[in-house]
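Consider the two complexes below, in which subunit A is the common component and subunit B and subunit C are the respective partners.
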Partner chain A sequence: MTRFLSDSAIERLREAADSPYLTGTRYRLVDKLGQGGMGGVFRVEDTALDRQVAMKVISVADPDGTGCARLLQEARIIAKLEHPGIVPVHDAGLLSDGRPYYTMKLVQGQRLEERVATVPALSDRLRIFLRICDAVAFAHAHGVLHRDLKPSNVMVGPFGEVLVMDWGLSKLVAEKAESSVSQSAGLSPKKLGNTATAHGTVLGTPGFMAPEQTRGESVDQRADVYSLGAILQSLSAEASPVPRALAAIRKQAMAEDSAGRYQTVTDLATDVAHFLDGLPVSAYPEGLVTRCWRWIVRNRVWILLLLAYVVARALLIFFRPR
Partner chain B sequence: MNKALLGLILGGILGVFDGLSAWFTPAARPEILGIVMGSTVKGLIAGVLIGYFARKVNSLALGITFGLGVGLILAYAVAAMQPGPNHYYFEIMLPGGLVGLIVGYVTQRYGRGPSPTRA
Partner chain C sequence: MPEDTQIGGARQHFPTTRWSIIERTRSSQAEERQRALDGLISAYWKPVYKYIRLHWKKENEEAKDLTQEFFARLVEKNLLDRFDPSRARLRTYLRVCVDGLVMNEDKAAQRVKRGGDVTLLPLDFETAEGELKELPVAATADNPEELFSREFARSLFGLALERLRSECAANGKTIHFQLLELYDIEEGGRQLTYEDLARWSGIKTTDVTNHLAHARKEFRRIVLAELRTMTASEEEFRREAHTLLGVKL
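Coming up: the complex of A and B.
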């Protein structure tokens, strides 16, 4: 049949089929925001509350229905994570055509990589990074791994709010088998726009994925630490030269062996915060001279004042009237 | 340590050293004890005033200005009380002002402010 239809017509039909069928719901379709691996994200109007929200709906092509289960699981995972740095879920359910959906806060802002282009100061970028760490550490504390942290999955709002998005690959640590989600969801690398190894399906984004994740091995929170290290690298790439302590933090966060990394996101955030405050960081052991110099730099104002006092006193003694 | 106490201790210590510097003036050596005591009391008064100000006003610029002012005024008073025709205003007020400046900075930058009141 398709030979009687042009490609563009087929594409339009596919888009129409993918669009959520909202009859009988409180939502009204506004436009499409984007297409993810499992489904599309649409801007809809919540007519009951008179506000716009984002709605994620599973794509039509879900023959075995596991994608639907995955979407609802994603909604439930995000719903567990009530944190200012994690986009909140408002509602979840089934459309009249049987497809599951969930609605979430419509985030207006810029992707991290767009935002940092307007934030030249390294310290400001690192403060944004710490907010990302806060959200991820919170998720870890609730047993949730993100597994796809990258700059394009972080939004920065107009008032500086930082939101970690796209928890579509997230998993509860308590889940039994690491690969179960990807296998049961039937998500091919092509659909996700990610890569696969010879060992099978791999979820994540090259360059931001921990080596063990790339190999399709079991991952834990240290995989997210690696991804955060990669984000830190992208945030500080333009700093020239990169301060040695910061480079050491990056290196430890992105260690090939997960045992050599920061064991928790909190540890990583603590080191970055110490770096920002001019304090020693655990990733970069310092010698006595460096430590003394750091102390002097941190306390330079009152040391200079004290020196000024001593010099003034010395001059007065030296030039005292005879 | 609260700011008033920090100011008191720092003012006292700097006052002691300020007084001891008189030892380098041979003519003043016989009266070194009185000078050190007077200088210490001056430092304590300046320190507690500046520290109290730091508890009430959270501003580095105002704290430093207030410290400088208190240091200069107290040093002026000491200089004015000097017997004889020579009051050494410059020699006494310059270090006195610097001591006030240091205490003003340190009490604003360090030390614990008042606890927030509960509603």
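Coming up: the complex of A and C.
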């Protein structure tokens, strides 16, 4: 006779069924940190090194190995991206319950949207944004698209370190790079290529996803530029009024047509940095008067010193004993 | 069912080769067909009965009749032959069939009461009725799909636990099952520490960790194996895994 299971017992059993089987590994389960689209993320203790790390494990059912391929792809992509703004992967493998996993640095900090609530100054927010751009530009330089950039995928650590997380939808752009990863994973390139949009699903997050990504078309680095534009918009939403140059940067980053956007993340970051430094930005052409005024404002110290010098010389000439 | 325990090896615990229950109910061998139907009935009779009681608000005796009649019709009218996995989940299809049966109940006043020369399924309605009393009052307010899905999960998990209990007993691992029962099923079990469990069971704390992990792994394997038999396609299997285990694939 089967026993009656209460609703709360069913919930606990669901959780128990999802927990990774770590017997025989160097890891010990501590607790669950969250659930992503592909798998759960757990806090585990690495008993060999006596430290806590985060372990991402594919969810329980993976009948055709698609999830396994995607998780390994994600781990290998991140492992290639050694950058202070990208969470490092420590280890990857297969648990004895048949599920693949990888471990990564356990990031202690706040999600971007939580952090910015404590950072009122627009300039400080834009400096965080530039750190995000640095990491994404680095990934692009290595042929990797993120494809799911949004505030909840960015962590800001207690010492101000900015980390771009969740590369689960990331994709290698270069054919050569893609095939090398798939070969080393023992997977066919075709299979790996299909995983990102398995079952005809459009992957990404509405509101932060480029229009071409929403339509399920192939994307390039300009899709990430769009997502960064959306992040920039969320970071500067409270600024009132939004400076025209900054509004123009946002508009260009989020142009409907990818050809009208910044073509690289570096271009976008350069404009934001120029805006922070009071320099002209490419997204907002200025008239001669505005440019002159901006030059004067930017060099006001030197101009005032020069004026003071000229006035002093004039006074000396005027009052010089004859 | 010895074949059930052979699913998956050291590196492959995701069952992929078992026939689905739908395929087996269409088997040319009567014995195979009957086994498949028995499996389907054992997983679905409680959800069907509770669904009729809670959603259709039928009295105890009437719900028993309708449940018996539903499974009888399922066989006699070959309702499973009409199931198209590309259009719906098996669970949804069965629920809609139940709806159809109950809705036609009034105009089918001439409905022949099951009994007499008809074999009744040996279903333990008293237990099911007792379980209804354990459900929160709000359960009746759920939409039909949620209600049926929740009761199916309860039934499937219950069956999986029974199988786990007997497998553990057969393999000399009763303590593994008891730890799972105490920690993951009993109310308040999660408030216990592993040290508490070690004292209770008289084993080392590290053994508690390993035994509990083993029981959980086996529970997951059995649930997925059962789920595999209850679905007709890979896609349905994925969606059911998502619904029942709360994981997105």
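Things worth noting here:
Keep in mind that, in the parts below, the second predicted complex is superposed on the first by the 277 of 322 C-alpha atoms of A that agree within 3 Å, B and C clash if a C-alpha of one lies under 4 Å from a C-alpha of the other, contacts with A are read in each partner's own complex, and residues count from 1 in each chain.
Throughout what follows, a residue touches a chain if its C-beta (ideal position, glycine included) is under 8 Å from a C-beta of that chain, and two chains touch if they have at least 3 such contacts.
For clarity, every value in this text was computed on a predicted model and none was experimentally measured.
Once the two complexes are overlaid on the shared chain, A:Cys292 sits clear of subunit B and of subunit C alike.
Of the two partner chains placed by the overlay, only subunit B lies in contact with A:Ala308; subunit C stays clear of it. By the touch criterion defined above, A:Ala48 reaches neither subunit B nor subunit C. Of the two partner chains, subunit C is the only one touched by A:Arg12; subunit B is not.
Set against each other, subunit B and subunit C touch different numbers of residues in subunit A, with C touching more.
Within the superposed three-chain model, A:Gly98 lies in touch with subunit C and out of touch with subunit B [touch as defined at top].
Subunit B meets subunit A in the complex at residues 14, 18, 21, 24-25, 86, 91, 94-95, 98-99, 101-102, 105-106, 109. For subunit A in complex with subunit C, the touching residues are 1-10, 12-19, 21-23, 28-29, 35, 37-40, 59-64, 66-67, 94, 96-98, 199. In the complex of the two chains, the subunit C residues touching subunit A come out as 8, 10-14, 16, 124, 127, 130-131, 134, 136, 150, 153-155, 157-159, 161-162, 180, 184-187, 189-190, 209-210, 213-214, 216-217, 219-221, 223-224, 227-228, 234-235, 237-238, 241, 244-249. Residues of subunit A that touch subunit B in their complex: 301-302, 305-306, 308-309, 312-313, 316-317, 320-321.
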